[in-house]
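Multiple structures are listed underneath, in structure tokens.
In the two assemblies presented below, chain A is common to both, partnered first by chain B and then by chain C.
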Partner chain A sequence: MSPRDGFSQVLRGEWTKLITVRSTVWCLFLTIGLTVLLSILGAQGSSTDVGAAPQRVLEDRSHFMHQPLTGDGTITARVVSQEDTGGWAKAGIMIKQSVEPETPYVAMLVTPDHGVRFQADFTTDVAAGASGTPAWLRLTRSGATVTGYTSPDGATWRQVGSFDLAGPRQAVEVGMFAATPPSGTRVFRRGGSTTAFTNYEPSTATFDNVSLNLAGGGSAGTWKSETVGGAMPLPDGTNLVGEASESGGVFTVTGTGDVREVPFTERGDDDIVQNALGGVYLGMIAAAVLGVLFVTTEYKTGLIRTTLTASPRRGRVLLAKAIVLGVLTFGCGLVASLVSLFGTRPIQRDHGYVPPYYPDPSLTNGPVLRAVLGTAAFLALMALLGLGLGAIIRRTAGAVVVVLALALVPGIAAGLLPVEGEKWLSRVTPLAGLAMQQTRERWDNWVSPWPGFAVACAYVALAIAAGVWLIRRRDTA
Partner chain B sequence: MFQVEQRGTGVAALRRGGPGLARALHGEWTKLRTLRSTGWLLLGLVVSSVGVGALTTWSIPTGCLDPEARCREDIVRIDLAGVYLAQIAVVVLATLAVTAEYGTQTIRATLAAAPRRGLVFAAKAIVVTALVAGTGALGVLGALAAGRPLLIGNGFTADAGYPPLSPGDGPVVRAAGGTVLYLVLVALLCLGVGLALRHTPATLATVLTAFYVWPVVASMFTGEWGRWVSKYAPMNAGLSVQATERLDQLLLRPWPGLGVLAAYAAGCLLAGAILFKARDA
Partner chain C sequence: MAATIEARGLRKRYGATVAVDDLSFTAKPGEVTGFVGPNGAGKSTTMRMILGLDAPDRGQALIGGRSYLTLRNPLCEVGALLDASAIHPGRRARDHLLWMAHYNGLPKRRVDEVIEQVGLASAARRRAGGYSLGMRQRLGIAAALLGDPPVLMFDEPVNGLDPEGIHWIRGLLRSLAAEGRTIFVSSHLMGELEGTADHLVVVGRGRLIADTTVRELLAQASGEQIVLRTPARSEAMTLLANAGATVAATDRDTITVRGLAADRIAGVLSAGGLTFSELSQHRATLEEAYMELTRDEVEFNAPTVESAR
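Right, the complex of A and B next:
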């Protein structure tokens, strides 16, 4: 029997079985068709109005220890320490047109990851030196122009940039400030509703050697501590508000918000690639059923006896099935992914998902490529999961139910669990493999792409290993 | 040679037009009772109702117990969350009650012995309904019983505004009774689809997709479209009967929601019955 018993013959036999049986070909077409159909329907049914928002969206919520300045003057300060709550945490000195939010300002500041910087009116940003505290900063107002300087030692000053702010005699506010970038999204679930909000980690900075020299002479007034924009109440009942204090010439300022222009790509939070590939929810059912049928129809029709007689090494039969099924489903999945992604892009654009808020996805982008290949791989994995479960259970109904229940039930009941429970659940189901479709950070991405894919692979490996072990021990009933 | 001819069976019965309802019921009951999966499925129904309900009840976050929080957890609905898993057992049971006969071709024997197809259809529906209703009631009561001590243990007591779960309370009766009705409607829906499709995996895949994938798909749509699609999803609509809090925020009120599912079930039953009568075995 050996010339006929090579693995390639087994492969060829399984390949023939797969593509000549009408129901399996149907399932392959359904996998592609249903995926694309649902993706298109999903794109048709979703829209965004992110482009309708004002051209500039600004965040202006620092904590400002300030006093008024009429006429020309210079403020100098040394930032002694800054709490690192994110690469773009800001601490420094600022001259601001008024304490009202979204009014122009000029600032010299330090950041943990981006060094000393000169920033003005939310858009101007000039690098001025390496990171690290202590840092000497100075702002000089002369007429309408404000100029920023930095110094290594407080004696020799280097000009960094300048900006026109307000009229020459207009009163402005001058002082120290601290700001912190968003630190992530916090989610909590209570009373049947889930709330997600952007959280800010307060960042504290200390200043010393603070001096305010007024051109017309006269002494500095009293410092006033204020959060620009006021306190921000959070959905969980807490209040984000900064604070500042002074003791022996050392000022401590704690900021709980950021000062910046929100970039276009951060304005909307949809993951358009993940949405475009959402049709996989239907396609995966067809793929899973295909995998089950590929094995269980052999048991039902008794063909399994012929198969196992022709290839007595049973493990190889199942492995050959797995290879043939996996490759074919991956190919179909790839077609489905590409058609879904590029076919829904025009529809998405019509519904408001336009550049610059949502740039066109391109396959040269790493996460996008990972999403496309990952979706195709996930479809193959679902087919293989069906194959493994079909080999274990050997009954069509049972295997179909188990594979669909495994795939579908956890996601549905998850809404009733607390957030921690939902996170845990989403990490242990085969659908964790869908995490490969993520192309941006979102609060409801409970699983990371590669760990999620590993979980899905683990399910498949376990199912097929169990199938191989069982097929070798059991009779062909 | 002897002939044993009971009154309801055999050639004499066929001359009379087939067995009566009692005989047909007996036949369907025998078929269902001797199918090995029936026992396991019904056991699974009860275990998942009680088990999942206990798990979700035990893990209800206690944030709403704080009077400052001004929110209320829907403890009844969370306790009856086992239905999400239990309905799979019901789907499989009802599907197999119909499609297993087609798979093994015993449908020919069934219809030869009982030519009046409406009778066979009614008998199947009655037997499946009775089984699902009985076991469903067991599961629901078990879930309530299991959840009661867990809630009190976690602080959801009468003092905090959460009276202990009892099958006598108005909203609890509606939620629990509605859940049993829901399971029955799911079973009837599967009967109809099974008779229409006559193929086990196709029926299972169709019904499970309609129930579990529809809400996921609805979440892919935004705005009005999404709400409309989500509103009429069979599972979402049917399970609005379980809600005891925030009824004004529901997309469909409890009984209308169950009514929507009943409409789906009626439609599938009608389609299945017509095809059953009209087609060949």
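Right, the complex of A and C next:
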């Protein structure tokens, strides 16, 4: 737009209007103040004892088709197929001290997304290159040492890694196993109380060319099917248990769970960045009211007639208002969210949210930066929603009621609705924009950051477009 | 194109009420045009249509031959004071003028000039909410003058002003017209425009009643009425009535006479042997002329009470 067509003049005029009224300045301070205040109160009110847990937290759940191995020996198998239930689903062969959980083990395995791997004792992990199924795997026990190999054809073998199994070494268990990490969370709500539980989808793998060569000669025993970690009762009444079978040399193993050490950052499931920015629920009210007032006071005082005689191109007047308000509230929102994020961090630390379980947030981290900017943008969007509704409704009270209803209803109704209803409501109201604050996977993330932001933007675009349409065709009497 | 205000067949309806009906007139440069009519006659509606705020159902309103909506920096073409209270109470008077100046790319200097011109310099940094009605009127006039426009419109500018303020506005209107500007001033009181307006557009119930100069209107309203003062009132009335005049008693010793020229009246009275102390041409006030014109056009009329004299 060239400067001669006057849009920059209107922008400048609206900027002057906005910053020369005390109530506006108060609303901006309130937006920042309320956001920070509620964020701090939220941080004061939450705590965790994640740091009190033992240093090493292990997860050891899989389905294992096994037999005992006394002395040295070699197990070879070809993984024919693996059901892709997640990038880290595991299927392969294993030598394990016993079927008791959390006992030491060595395994050669395949994964859908991370190729063939040699893993041992929950912490050792060696990548053996990307090769899908079928994949040839071999483990050889010689004394205390177990060595893993892989092969493209079952003829030429390449060593991947080796590991010393500590502890009593006479009898170990050897066999094929399958596991798959949980695929999200299932939630159900009964009588107002919400239960969330890990959702395990079993993964099935098939094996052939299975051979077990015992160093001292002798023949292999019979295979036993067992779920390491036992059957797991689920909150919905079902029992989670794996299964395995053999038919004509083809072994089918179905299992769930994972075999690994739980990393520090997964010990607690709180999203400390989202929590630190929680004050936006209060700040957005001030922002929305500011947006409403920026238009409705003009109608209330009759100033709108002066404005529209100063610029009869009405659509541009409203757009100029939107730009000026958006820039100013985004700036204040940025201050609010930075102060909230870093201001609450010492409190969070005092309340147990300490590294390495909860590392200090850094703006160089993508999701953290997205949360900070997204919070500021959300405050700006709420102000713009207020502006649009103000232009449509023209009366302060009515516009404030509508914008607050849009902003608050999801939070109020959340606990009363069935889970599906809450999910739906969180996706279709402007509050979906707060998904930008998510920095980790959580079961109650009903909507992803960018789609949620798009929903909020759509509300604003719709409200402002309707406002422009109406202001152009309505008399200003 | 001269900076005129031109209404061509304007019509505006709100629901069942026709606020303005086929209204046409022209306000010319160098003149104060009074826009007069009772409350509810459609004056403010007309002004809003001229300023592009309300869309006419039919007809056009043009400023210098152009629709207001096509003006790029309209404050430099038309200055308007519609409602002096239409200001944000929390904004300083100077800032109020400043945003308007920005809107039309006017320099800050103009803001200080018009503040000075309307005599608000000492109060310019106060918030407008604390302004008296008179100060608000001055602020509204400052806003109208901001772009130094050739056309100025004022809706009821003297409403609520003290005599000093009224005097000031009248002088301002006259001097603005003398500079060659087109001045369009509405009022529901004709008397307010006496001595100020050159031209009059009189409306009632949204329709044009008169589009005339002040002089013509006064002459028309004064008509052929003659005021006669005589101690023998009833005899004089009988004589003149017999001579074909319409007579009315206005006081104990005064009567007004229509339908007879002054010399004929003098002749009739002399012939009847009656004396009189005064015989003069009646001079109507603008207010009377207006009452005469709008007698049937007042929308909210008080019921007439028969005087028991």
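To be clear about the criterion, the second predicted complex is superposed on the first by the 465 of 477 C-alpha atoms of A that agree within 3 Å, B and C clash if a C-alpha of one lies under 4 Å from a C-alpha of the other, contacts with A are read in each partner's own complex, and residues count from 1 in each chain.
Criterion: contacts are C-beta pairs under 8 Å (C-beta built on N, C-alpha and C of every residue); 3 or more make two chains touch, one makes a residue touch a chain.
Worth saying up front: this structure is predicted, and the values here are computed from it rather than measured.
By the document's definition of touching, of the two partners only chain C reaches A:Val10; chain B does not. When the two structures are aligned on the shared chain, A:Arg186 is found in touch with neither chain B nor chain C.
Touch criterion met: A:Val409 reaches chain B, while chain C stays clear of it.
Using the contact criterion defined above for the overlaid structures, shared-chain residue A:Leu282 touches chain B, although it does not reach chain C. When the two structures are aligned on the shared chain, A:Arg427 is found in touch with neither chain B nor chain C.
Of the two partners, chain B and chain C, it is B that touches more residues of chain A. When both complexes are overlaid on chain A, the residue A:Arg349 reaches neither chain B nor chain C.
When both complexes are overlaid on chain A, the residue A:His114 reaches neither chain B nor chain C.
Comparing the two complexes, no residue of chain A contacts chain B in one case and chain C in the other. Those residues of chain C that touch chain A in the complex are listed here as 14, 45, 48, 51-55, 68-69, 71-75, 78, 80, 82-83, 85-92, 95, 98-105, 143.
Considering their complex, residues 6, 9-10, 12-17, 20-23, 297-298, 301-303, 305-313, 475-477 of chain A touch chain C. Touching chain A in their complex are the following residues of chain B: 37, 52, 56, 59-61, 63-64, 68-69, 71-74, 77-78, 81, 84-85, 88, 91-92, 95-96, 99-100, 103, 200-201, 204-205, 208-209, 212-213, 215-217, 220-223, 225-226, 229, 235, 245-246.
Residues of chain A touching chain B in their complex: 38, 41-42, 45-48, 188-192, 237, 275, 278, 281-282, 285, 289, 292-293, 300, 396-398, 400-401, 404-405, 408-409, 411-413, 416-418, 421.
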